[in-house]
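Dumping the structure here so I can ask a few things about it.
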Amino acid sequence: MKRILSMLFLSAVLASQVFAQAPAPSPTAALEAGIKSAQSSADNAWMLVSCALVLMMTGPGLALFYGGLVRRKNVLGTMMHSFVLMVIGTVLWALVGYSLAFGEGSPFIGDLRYLFLNGVGGDPNATYAATIPQQTFMLFQMMFAIITPALISGAFAERMKFSAMILFTILWTLVVYYPMAHMVWGNGGLLNAFLGGKVPCLDFAGGTVVHITSGVSALVCAIVMGKRKGYPNEPIKPHSLVLSLIGACLLWVGWFGFNAGSALSSGSLASSAFVATHFAAATAAGGWMLAEWFQHGKPSMLGGISGAVAGLVVITPAAGFVAPMPALLMGFIGGIFCYFMVVKVKAMLGYDDSLDAFGVHGAGGTLGAILTGVFATKDVNAAFKDAAGNALPVGLLEGNGSQVVNQIIGVGLSWVIAGVATFILLKIVDAMVGLRVSPEEETAGLDLSQHGEEGYSLES
Amino acid sequence: MKRILSMLFLSAVLASQVFAQAPAPSPTAALEAGIKSAQSSADNAWMLVSCALVLMMTGPGLALFYGGLVRRKNVLGTMMHSFVLMVIGTVLWALVGYSLAFGEGSPFIGDLRYLFLNGVGGDPNATYAATIPQQTFMLFQMMFAIITPALISGAFAERMKFSAMILFTILWTLVVYYPMAHMVWGNGGLLNAFLGGKVPCLDFAGGTVVHITSGVSALVCAIVMGKRKGYPNEPIKPHSLVLSLIGACLLWVGWFGFNAGSALSSGSLASSAFVATHFAAATAAGGWMLAEWFQHGKPSMLGGISGAVAGLVVITPAAGFVAPMPALLMGFIGGIFCYFMVVKVKAMLGYDDSLDAFGVHGAGGTLGAILTGVFATKDVNAAFKDAAGNALPVGLLEGNGSQVVNQIIGVGLSWVIAGVATFILLKIVDAMVGLRVSPEEETAGLDLSQHGEEGYSLES
Amino acid sequence: MKRILSMLFLSAVLASQVFAQAPAPSPTAALEAGIKSAQSSADNAWMLVSCALVLMMTGPGLALFYGGLVRRKNVLGTMMHSFVLMVIGTVLWALVGYSLAFGEGSPFIGDLRYLFLNGVGGDPNATYAATIPQQTFMLFQMMFAIITPALISGAFAERMKFSAMILFTILWTLVVYYPMAHMVWGNGGLLNAFLGGKVPCLDFAGGTVVHITSGVSALVCAIVMGKRKGYPNEPIKPHSLVLSLIGACLLWVGWFGFNAGSALSSGSLASSAFVATHFAAATAAGGWMLAEWFQHGKPSMLGGISGAVAGLVVITPAAGFVAPMPALLMGFIGGIFCYFMVVKVKAMLGYDDSLDAFGVHGAGGTLGAILTGVFATKDVNAAFKDAAGNALPVGLLEGNGSQVVNQIIGVGLSWVIAGVATFILLKIVDAMVGLRVSPEEETAGLDLSQHGEEGYSLES
Amino acid sequence: MKKIEAVIQPFKLEEVKEALKAIGIDGMTVTEVRGHGRQKGHKEVYRGQEYQVDLLPKVKIEMVVPSARAEEVISALTAAAKTGKIGDGKIFVYDVVDAIRIRNDERGESAL
Amino acid sequence: MKKIEAVIQPFKLEEVKEALKAIGIDGMTVTEVRGHGRQKGHKEVYRGQEYQVDLLPKVKIEMVVPSARAEEVISALTAAAKTGKIGDGKIFVYDVVDAIRIRNDERGESAL
Amino acid sequence: MKKIEAVIQPFKLEEVKEALKAIGIDGMTVTEVRGHGRQKGHKEVYRGQEYQVDLLPKVKIEMVVPSARAEEVISALTAAAKTGKIGDGKIFVYDVVDAIRIRNDERGESAL
């Protein structure tokens, strides 16, 4: 690649010499090319970093967050759920996923123009991101397709057969994720607020596509699969909150790529989304800990990290649309709301969502998607314009009440699709290979029964 | 945000067409706008990454480094000190901190113009960073305000009440950090070498503001709070040097954002600061291990990571002012000096600075601030210019002895402010809620007594 | 640095005013300067991040990956091998390494023009990277020089004297790494495909320089040093696959800096390399796990992460030359091939390569280097051009069979140099300080015997 | 006094504890142990290397009780710990010469 | 010979060790155990789910000593381990039939 | 019945297990312990603070066997565990009053 660079350099030099003599228009064109290249390199630098950050969210981030919350005997089995998705999610995406999600096509699903990434190269796809190579855009979106199904695994942790998990994940990605991604972000997608969707639903980084779909599916999984042996009578404690803290912090840091990266450029919109993301994470962590403090007299580390993740979930759809102070508020509300869902509602309804994938992602995603319709403002993101190009009000507080309605429609649709599809898919997988490990295997733990290895061998 | 982008793209296209016909000056302006945008995006890309890196230093970096050094029963309580600052430090900063630190105002403290981040948006604040959104600058500085008080926690680890820690931290941030940050980096700050300070003190990334303030305050905390039960008679060993190693490495990596990010742009100054930072970390780790090798016949992992952190501390104020070879030397000196402070001096004086926050940050920060006055050079950073715009000598070795004096004044001021304020604040907090947990709680550990949870549950 | 920035800003402003009046050519020059600066800042942003990512691969990445695979009593000793190289590799590089590797000079080794980084500053070195400060290029290459010898440590883990390890590492870096780096990447290097090498061997990011050299040396180390006490009769299990998973994921993420960073710019070539890297890692992890599934009925976490690393190794030399689909294929082949080498061949030959540094890096690097010659394509990287500047076929599949021959020559040379030199160096070191710890020390573990500390103290 | 030493399946610990509390026995000491017996272990594979693990995680419960209550404790314990499958574990009974409560130097049965 | 088995508070281990060394007893084996007795445990809460932890960390010390020295050991041990608070722990005494030093097959008291 | 309790060097566990299997003893319970005796410990240094570690990792093996087989077990065990160096460990023998197999309430020697 070094030659390439030196040549690029040479040409630059030559060019500059040319300019000296050449007539007016010519240089302008050359300069514009130079500017375009610089702008593209700048945005691409940030987007490549964002891709890396979002992958880091899944591995090791989510793997650690979830892995620390289960019992020692299931740590590898649980981390494997995240890890194997870095494999499956990637291959599916490369073969068909990108095309089904971002190919033109119906309002519900993309066509096959990008099958095997055909035609996805170094040039930008101006429809989606005009200043970065389409390959970068493809990579970034792939990282989302990897982590989303991984989030579900929190619901069936400690009891699902590995083969069943793989089968379910593949089907779910095809049937739920790709269509949802297309509807919300794909060109012509039903809910796409920017590319001609009938129901313009604002979802900056995946409140509906990522969190509601995974969270609601998690709820269905928890109900269909039933409780873990001994739950809730026997104590089932996190085996290492230290691992979970590492994971949560990496999720927090990685989320900057997730949300600020969704600006698909490194301009001021990215900075704004970065601010909103961090602020919401902080106040949500605070909110959850305060709730604990009032209820049990002690704020806990588990509460703090759970709250932080909840806040990140809540702000995800809003990150690029809301100002800093509303972000602080959204996080705080979200932290307390998810605390309530996880601690009170789950206990009431009595399902066993092992790691609270629904209580955090489903509940938080729903809340966030709706609040986005409330707090979104044209000062941050002039999402809607009139013919004359003047920015129109975006959120409820700016006087655009209809947006909340659109948000609710988007939320409802996500709930239905995720819920129904997941139920059917689980039944299919159950019929094919069976969903649950045997009681003996569950007692022995997933690490030994599914993978033939142990997480720790600390005997000296 | 996608629409925004495509529109940006469109306008670009249109523009270029315009140029074709338009008269000479017009295109130039348009091109300059394009260049400005590209330059800003480029610098912003690096700065957003730096923000993420510096947050990563606190969580999980510092949380792990400190968490691994305490006993198993205090691991969560210790990590919580870092984590809760990601909450408190953020909220305070958003509400008043940024304004108090970087608003215009007296030489000692900023005014309230940026209260609630009022007016802090996508446009640059040319006074501080002309090429990046002010929101990015605000974010970057916030990450410093988060980690600084977290560093102090090393001194009172394993014995401070959580409520007292929170109260103290809030007060300390308001009374010590914001004023110091304003004095050294704020417009018109007393010690600001670039924006009209009376005493031009060079501090590239926080030798005085971050490390001396936290380190000296740590010393006062250690003395005021007294020793841990059983110290130094009973063995109090790090419960997991593995965690501490992970933390130290993440601190090392994150520090590139801390120091090279302090260039507030991604030009060659950032590269130069990056080099200095890495070189000093490496030689300091080497220096500390060699000292151990001579003294105990064995270099240790704990010694290596302690040395690396010491080197990073020492180079922090100098990173953007010194050449590579001096950086190598500063690190080496710093590693050995901090080893001496931690191993010999602490033992002599007999205070219980649990995790050596003073020995590393206080001592290292002081040494680094002074050596900055010695090794700073105009070849790396033309900090001072004469009327004609010619670079003047910067450091002692270049013949500007007065700089060392200025550095010492800055150091002295930091020591006094941090020391006195911390002492008073501790007395206030003690009177309000009491500083220390009860002996029973200390025996049981902070995890159970303060948070009602355990770090590990490894029983199968 | 703030003054600098504001001045930069000022001058920019002034400039723009100047343009208004000034005659035609003048502004163009000024604009070109602005473009050059923006382009450089953009590329530098990505490259600084890449430097940080590659350092993160060694610490904590490799330290954790290897540290988790050994027994508890050797965890620190093993992590120390990676950590101490962050010290040694840095100092050597700063003093002589960069010059020996990238100075002009013979086809085999560079000259001393850059001794002590003399003349390595903020200006680009156009020969290697025309758009970034030479200091950045120097940093990036240094990170490679740090991790390469660290990879070898997997072979002699759990039994080598620390002093011997340091001595060997220093000699190996001087005698093997610097010459190899110069031959493949240095100006005029024997194998340099872009800067006048006699045998144009394609190695984008270090298949030969990094992986074959370290892997083959690892094999020699394993054979010369002999087996660990009790191997293979007594069970020697990884003490924490959780640590290894964290490490493997950080290696995966860091490798984006390693490979995509090797584009030395943040243009579309970086994106392409990023895609290839991620795809190969994913399919290799899948391939290894499938192989296990067939052979033992269970895919394992250890298998998954081993496969991922194998895939990253295989794609390293090819990352900037191959299209996405071939990358998927190369990874898959690589995963299965390395599984076969580690599980079958090692058992057959019976040497004790503790952590399979050869089976993964030696074998994978060799396979990757050869496959690069097969799948490289001008559509991704127009490596070769004819006089008229038309891109010539690059890989075998494009009809350039000779490339495979060149690749094999490069591979052969690397094998010979690494193998012979390592053998001799080991003998020298053995004569000087002895290679192995005593049986008692080996039983007690490296942590206690070499460093006088323990990895964990979990007693409550 | 007798010492009742039971080696049971870890997942039975809760039940056994409850059963003992039920009959008024709440002084006990629990240890994580590994056991070997009729129950065959499992296979672990690391990079192709197979390990037959024949020491399985068990929990040991020790109670010192008045000789009179020994039988009662044994049957309660057996009932609670039984699954009927190989690996349930064993109970061993030993004589105890004396017992002392450190807190107040009480001795003999009153110290239990 | 007698076996003295003491279950004590973990934070008392150092003191007890010193006390025993003081009277010339330096052969001992220490085990991390969890104990249940009069001392009430603590509550842990994870995401709202409360767990009453009633097995508390204790340390078990075993020493086999000549019967003649038993009482002396017991009192030294009791003195050092006592805090006077519930949870101090217990000492149990057992008869030992024989002792063997593996290193040199010595038997009986001389093996201790 | 007798209980054979052996404290050995951790790295000898495999050999000892094999030796016992060889003579048909496969019921045993193993515990990770720390021991103190003639064998001097090691020094650890953390940031200049030195700790003399005098509790060293050992492994405790407990077997309850028919009295008749005690000697045979002891000699097999001693042979396998011996290195001749200080720290090899000890074997203690105790009387066992009774044994119960939880699975089927078998009692006495047949329960072993």
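A, B, C, D, E and F are the chain letters, set down in written order, and residue numbers restart from 1 in every chain.
As a working rule, contacts are C-beta pairs under 8 Å (C-beta built on N, C-alpha and C of every residue); 3 or more make two chains touch, one makes a residue touch a chain.
Since the model is a prediction, treat every value here as computed from it, not as a measurement.
K.L.:
Could you work out which pair in B-E, B-F or C-F copies the interface of A-E, where over half of the contact pairs coincide by residue number?
P.N.:
Answer for the repeat of A-E: B-F.
K.L.:
Write down the chain pair with more C-beta contact pairs when C-D is set against B-C.
P.N.:
B-C
K.L.:
How far is the middle of chain A from the middle of chain D, if each middle is the mean of its Cα atoms, in Å?
P.N.:
48
K.L.:
Between chain C and chain E, what's the gap in Å when you average each chain's C-alpha atoms?
P.N.:
Result: the chain centres lie 53 Å from each other.
K.L.:
Residues of chain F that touch two or more other chains: which are they?
P.N.:
In chain F, residues 31-32, 44-46, 94-95 touch at least two other chains, as defined above.
K.L.:
Of all the residues in chain A, which ones touch at least 2 other chains?
P.N.:
24, 31, 35, 38-39, 41-42, 45-46, 49, 235, 237-238, 246, 296, 298, 300, 302, 452-454, 456, 458-460 - these are the residues of chain A that touch more than one other chain.
K.L.:
In the complex formed with chain C, which residues of chain F make contact?
P.N.:
Interface residues on the chain F side: 11, 14, 42-46.
K.L.:
Chain A touches which residues of chain C in the complex?
P.N.:
These residues of chain C touch chain A: 24-25, 28-29, 31-32, 35-36, 38-39, 41-43, 45-46, 49, 53, 71-73, 126-131, 185, 194-195, 204, 237-242, 245-246, 249-250, 252-253, 256-257, 260, 262-272, 274-275, 278-279, 281-283, 285-286, 289, 296, 298-302, 304-305, 308, 320, 324-325, 328, 381-383, 445, 456, 458.
K.L.:
Chain F touches which residues of chain C in the complex?
P.N.:
230, 233-235, 443-444, 448, 452-454
K.L.:
What part of chain D is in contact with chain E in the complex they form?
P.N.:
Going through chain D, the ones touching chain E are 3, 17, 26-31, 64, 94-105, 111-112.
K.L.:
Can you check the complex and tell me which residues of chain B touch chain A?
P.N.:
1-6, 8-9, 12, 16, 19-20, 24, 27, 31, 34-35, 37-42, 44-46, 48-49, 51-52, 55-56, 59-60, 63-64, 67, 75-76, 79-80, 83-84, 86-88, 90-91, 94, 116-117, 120-123, 132-133, 135-136, 138-139, 162, 243, 246, 450-460
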